[in-house]
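The following pair of complexes shares a single chain, chain A, combined with chain B in the former and chain C in the latter.
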Partner chain A sequence: MTKPLEVEQETSLKVGNVATKSYALQESALVKWSLITISLIFLALFLILPLVSIFVTALEKGWATYVASIADPDALAAIKLTLTVVLIVVPLNAIFGIVAAWAITKFSFKGKNVLITLIDLPFAVSPVIAGLVFILLFGAQGLFGEWLFQNDIKIVFALPGIVIATMFVTFPFVARELIPLMQMQGITEEEASISLGASGWKTFFFVTLPNIKWGLLYGLILCNARTIGEFGAVSVVSGHIRGMTNTMPLHIEILYNEYQFTAAFAVASLMSILAIITIIIKNIIEWKAKDV
Partner chain B sequence: MSIHIQKVSKTFGSFQALQDISIDIESGELIALLGPSGSGKTTLLRILAGLEGLDEGAILFDGQNITNVSPKERKVGFVFQHYALFRHMTVFDNVAYGLKVRPRKTRPSKEEISKKVTDLLALVKLDNFADRYPSQLSGGQRQRVALARALAVEPKVLLLDEPFGALDAKVRKELRRWLRKLHNEFHVTSIFVTHDQEEALDVANRIIVMNNGQIEQVGTPEEVYEHPNSPFVYDFLGNVNLFRGRLHKGKLTQGQFEIDVPTYLDSYDDAVGYVRPHDIQIEKEPLNNETVAAKIVHIHMVGPIVQIELKREDVDEYLEAEIPKEHYRELNINNGDTVYIRPKQLRVFIPEDFSI
Partner chain C sequence: MELTLKKRKKNTIIPGFTLTLGYTMLYLSIIVLLPLSMVFFNTLSMSWSEFWETIADPRAVASYKLSFGTALAAGIINVIFGTIIAWVLVRYQFPGKRIVDGLVDLPFALPTAVAGIALATLYSPNGWVGQFFDFKIAFTPLGIIIALTFIGLPFVVRTVQPVLQNLSSEIEEASASLGATRLQTFTKVIFPELLPAIITGFSLAFARSLGEYGSVVFIAGNMPMKTEITPLIIMTKLEQYDYVGATAIATVMLITSFVLLLLINIIQWYTNRKFNLK
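And now, the complex of A and B:
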C-alpha cells in the first residue's frame, strides 16, 4: 500500500520542482512575455553591458597594449600576490570552516548560538572596518605594534596582514555552506561508523567528508571568488606598495587613478575571466550535487 | 554473550530518562524492550552500544565492566531506526565497511572481505543488489542491508532500534519471521526496541516492559500477556476492559453486579478489575448477580475471531469482547441486542498502589 503512494508523491514533487505548470498561476501571454522582457533588459543593462565594456576598453588600443599592460612587472607582481593569498586563505578557511561546522552540528554545548552568530559577523561588518581593526591591533601604534616591532615581525603593510584581513572577510563562506547541510544529514551515519569500529579520523574521511564534499566545494568556490576580489579590507592593511603589497583589485584602482584606463581594464578583464570560470565551475558543482 | 545492566540511571537536563535500571540477560537471548515513546527504551539501547553515556550504574558484558569502553571497541552490532546507511556507498561497500576500517593488523584481506560480504548479502537475499546505492532500495531492503552491515563485524551483541518501525505491515511481518530465524541460526544475544506489543510478543523470547524510565515487568511473552503485574502492562499489552467497584470479602461489587474474586480478601472502596476481551463471556440470559446487561453496539466479523463492542446498561461504559466465530454463530446475536456478560478471569488492582 505504501509503495505506490510514495511513487506518486515523488512524481508530483518532481513536477512541482521542474516546471511550475500550476493552472491557478497561469497568466496571459502578455504578462508572461513582458515579465521575461523586463528581466532580460535588466540583465543586459546591468550585467552584460558592463562586462562587455570591460573587454572592449581593454582591447581598445590593440592586442599588443593589452599584453604589455598585463606583462608589466607591477601587474605581474599583483597577480602573483593575489594567487599567493588565494593559496593560503582558501585551504585555511576550508579547515576552519569544517572545524566550526563540525563543532556546531555534531556537538551540543553552551554558547552554540553565540558561535553561529559570530560566524556571520564578517558578513555584517564593512570590510573597511575589518581592515581598520587589524591596523588597530597590529599597526605601529596598535595593541601589539610595539611587541611586533621589537621582534621584527611585519603584519600590517605586508603579506600576513593581507592574508589575515582576507581570511576574516571570507571566513563565513565555507562554514555557512556546511552548517545547514550537516544539520540536515544528522549524526547517525557517524554513529553507525563508530559502532562498526571505525576511529574518529576514519569516520571523518570515509563518511563525513564524502557526504559534504559538494557543499564544501561550493563554499570553497565562493570563498575563492571573494578572496580574489576583496578590496576594502585589503586596501586598508596593504599600504599600496607597488610591486609589493598590491593585489589585483588594488592595482586596478591605482592604474585607474593614474588615467591608465586601458591597462586598468586589461587587468580587470583578467579578473572577469576568473569570475566567469568560477561561475561555470559553481554551476557544474550544483548540477553534479543534484545527482547525488 | 551475557549482559548485566546494574542500577543504570540517566538524565537529560531535568528529564529522567532512566531510573535505576537493572536487568540480567543470558547469552543467546532474544529480548524485546517494549514501551511507549519516552519510556527510555532507546536510551537504554544506546547506552548498551556506548553511543550514550550513563550517569550512574554499570554495564557488564560477560562479567566484564565495559561502562567506560568506547563504542568502537564494544563489538556491538547496532541497527539504527532509520538504518543510517552510508548514502554515498554501494550496498557492498556498506556491508564491507566494518571490515575495511579495521587496523591493518586485524584487517582481513580483500578477497576475504569480498567473500564475507557476498555470503552476508546472500543471507539477506540481496546478492543482486551489491552495486546499488541505498537510495535505490526499498525500505525492507535497506533494513536488510543495515542488518548485514551490523553482522559483518561478527558482533557479540546485536542491538536493533525499532527495526521494523518504518516498514509497511506485510514487509514487517516477513522481516519479523526472518529475524527470529536468523537469531536461531546465529544465537547472538539480541535486543530490539519496539513500541508495538504484537511485535514484541511475536518475536522475543523475553520481554522487558518499560515505562517512565523504569522497568514495569520482565518475563516471557506468555507471562507478561497472561499475568501482567501492573495496570500499565495490562493496558499496554493488548486491549483490556475495566470494571470499577468496591472490593469486600472476595467480591468486587458495583451496584447489583457482583464478581467473585476469591483471591482478594482485603477491603477497598475503590478497586479496578482488569479483563481481557477474550475473557468476557456472553450469555443470552442473566445469571444471578454474576452477569451485567449490555447492549451490542457493533460487531466486527473479519477473521476467525469476532470482536463485539458493547455498552453497559447500568453505567455509561463501553466493553470489548472477543469470541470465536463458531461460538458467535451458536449465540445468534445481532446489533442492538441486549446480552448478559460475565468476566471469566480478572485481575484486581487498587488504584492508589499504582498512582505514580
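And now, the complex of A and C:
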C-alpha cells in the first residue's frame, strides 16, 4: 500500500525539479526572441542590405547594360589579370603553408613560437603598408630600383609587383589553418609509415595529405577569396594602368570614381557571386570535416 | 642518456627538417621580413627632427585620432552585437539559422572595395538607408564606423562562437540549482568564461580596423583633418612621391600594430591565468 505512494511522491518531486531546472537554465521567450530580432536586424542592416543593393544597382538599367559592363574590354582585362594573380599566388602560398606546417609540427626546435608569430605578421600590417614596402624595395628610388632599371626589369606598376604584394597580404592563410590541425594530429602516423619503409614523399602523399585535405582546402578557399579581393596593397603597387595593371577591385574603384555606378556594381556583383560561392564551399568543407 | 637518445630519434625519423625549415625561413624572409624591414631601414635615414615633423603634423595627428576613435567605436559595437549574434547562433533554433550563420563570413569573403561602394551608396544622403536620417552618415566619421563595423563583425562572432559551444552545461546547472537567476548565471558564470574570447575578438577587429583601407575610402569622404584615415595619408604621400613621409607614417602604424599584438597576448595570458586560478 505504501509503496506506490512513495513512487508517486518521488516522480512528482523529479518533475518539480526538472521544471525549476529548465526555467533557470533558459531565458524567457521574450528575451530569446528579442535577442534573435536584434541579431537579425543588425545583420540585415550591415550584411544583407549591402549585398542586395549590389545586385539591384547592377541590374538597375537592365540585362543589356549589365552584360555590356562586364563584356567591356577593360573589365575583361581586369578579370584576366585577377585570374592570373590567383593562379600564381594561391599555389605558391599553399606550398609554403604545407612546408611551413610540416617543419613546425613534425619537429621540435628552438624559436618555434617566434616563427609562428612571424608567419602571422602580415595580418597585423595595413594593406597600404604592404604595398609601400615593395615600392621601397623595387620602386625607382628603392633599394633595387637602379639595378632593375638598368636591367630593364619591371616589378612595380606591373604584374610582378601586384603578385608579390598580394603574396605578402595572403601569406599566412594556408599555414595558419594547417599548423593547429597538424599539431593536433601528431606524428605517430608518419612515424609508423616511415618505419615501415615508406619514403618521405610517399608518407606525405599517402598519410599526411589525406589527413589534412579539408584543412588545406579551407585555407585555399580563404586565401583565394582574399587574393581576388585584395585592394589596398595592389592599389599602391599597380599604378592603375587601365586594361593593363587593373585588377577587378581596382577596376571597380575607377568606374565608381567616374560615376559609372551601374558598371561598377556590375563588376562588383560578379565578385559578390564569387564571395557567396566561397561561403557555400566553406560551409560544405566544415560539414564534411565534421563527418570525418 | 636514454632520454636524449629517444629525443634524437624522434627528431630524425621523419625526414625533411632542414629542407622544410630552410624553405620556410627563405620564403618568409623574401616575402615578409626583408620588405617589412625596409620601413625601419628607410626611417633610419631620416633625421630625428624630420621624422618628428612628419609624424606630428596636425593632419597626421588628426588622422591617428580618427583611425583610433572609429576603430574603437566599431570594436565596441561589434563586441555587443557580435556576442549577441554568437549567443543566438549557438543557443537558439529559428528558421534560416544556417543561412544567417554562413552570412556572418560575408565580410571575410567579400572584397573590401565591393563592400566599400555598397555601404557608401546605401548610407549616402539619398541612399536606401541614408534617406531616413536627418544627419549625414556617409562622408562623416559615422560612415567610417559603419564600414569598420562591417569588416570587424566576423572576428568577434567567430571567436566567441566556439567558446560558447564548448561551454559545459554543468556549470550553468550548478549555478541554477544554487538558486541563481538566469541573469545572474549569465553575468557571473557564463560571461567570465566568454571574456577572453570577447577580448581576443575585439583586438583582432580593432587591429584590422586600424589598417583597413578598401572599405573605408569610399564611405569616408576623405576630407583632410575631418575624415582622413591614417592609411589614406600614406596613400596620398605616395601619390605625391613623398616616399620618406609615407615611410615615417608607416613606421608609426607598424609600431602601433606590434604593440597592440603584444598587448593582446599579455591580456590573454592575464585573463587565462586569472580565471584558471579561480
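Throughout what follows, the second predicted complex is superposed on the first by the 268 of 292 C-alpha atoms of A that agree within 3 Å, B and C clash if a C-alpha of one lies under 4 Å from a C-alpha of the other, contacts with A are read in each partner's own complex, and residues count from 1 in each chain.
We adopt the following convention: a residue touches a chain if its C-beta (ideal position, glycine included) is under 8 Å from a C-beta of that chain, and two chains touch if they have at least 3 such contacts.
Note that the coordinates shown come from a computational prediction; the quantities given were computed from them, not determined experimentally.
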| item | value |
| --- | --- |
| Chain B versus chain C as contact partner of A:A192, first or second or both or neither | first |
| Contacts of A:V207 with chain B and chain C, given as first, second, both or neither | first |
| Chain B versus chain C as contact partner of A:A268, first or second or both or neither | second |
| Of chain C and chain B, partner touching more chain A residues | C |
| Touched partner set for A:L49, first chain B, second chain C, both or neither | second |
| Which of chain B and chain C A:Q141 touches, first, second, both or neither | second |
| Contacts of A:P127 with chain B and chain C, given as first, second, both or neither | second |
| Chain C-contacting residues of chain A that also contact chain B | 191, 194-195, 199 |
| Parts of chain B lying in touch with chain A, wherever the complex brings them together | 49-51, 70-78, 80, 82, 84-88, 97-98, 101-102, 138, 149-150, 152-153, 168-169 |
| Chain A-facing residues of chain C, complex | 10-11, 13-17, 20-21, 23-24, 27-28, 31-36, 38-39, 42, 81, 84-85, 87-89, 92, 94, 98, 100, 102-115, 117-119, 121-122, 128-129, 146, 149-150, 153, 169, 172-173, 175-177, 180-182, 185, 207-208, 210-214, 218, 230-232, 234-235, 238, 243, 246-247, 250, 253-254, 257-258, 260-261 |
| Contact footprint of chain B on chain A as seen in their complex | 1-3, 188-189, 191-199, 202, 206-207, 210-211, 292 |
| Contacting residues of chain A [partner chain C, same complex] | 21, 24-28, 32, 35-36, 38-40, 42-43, 45-51, 53-54, 57, 96, 99-100, 102-104, 106-109, 115, 117-119, 121-129, 132-137, 139, 141-143, 164, 167-168, 171, 187, 190-191, 194-195, 199-200, 203, 222, 225, 228-232, 235-236, 248-250, 252-253, 256, 261, 264-265, 268, 271-272, 275-276, 278-280, 282-283 |
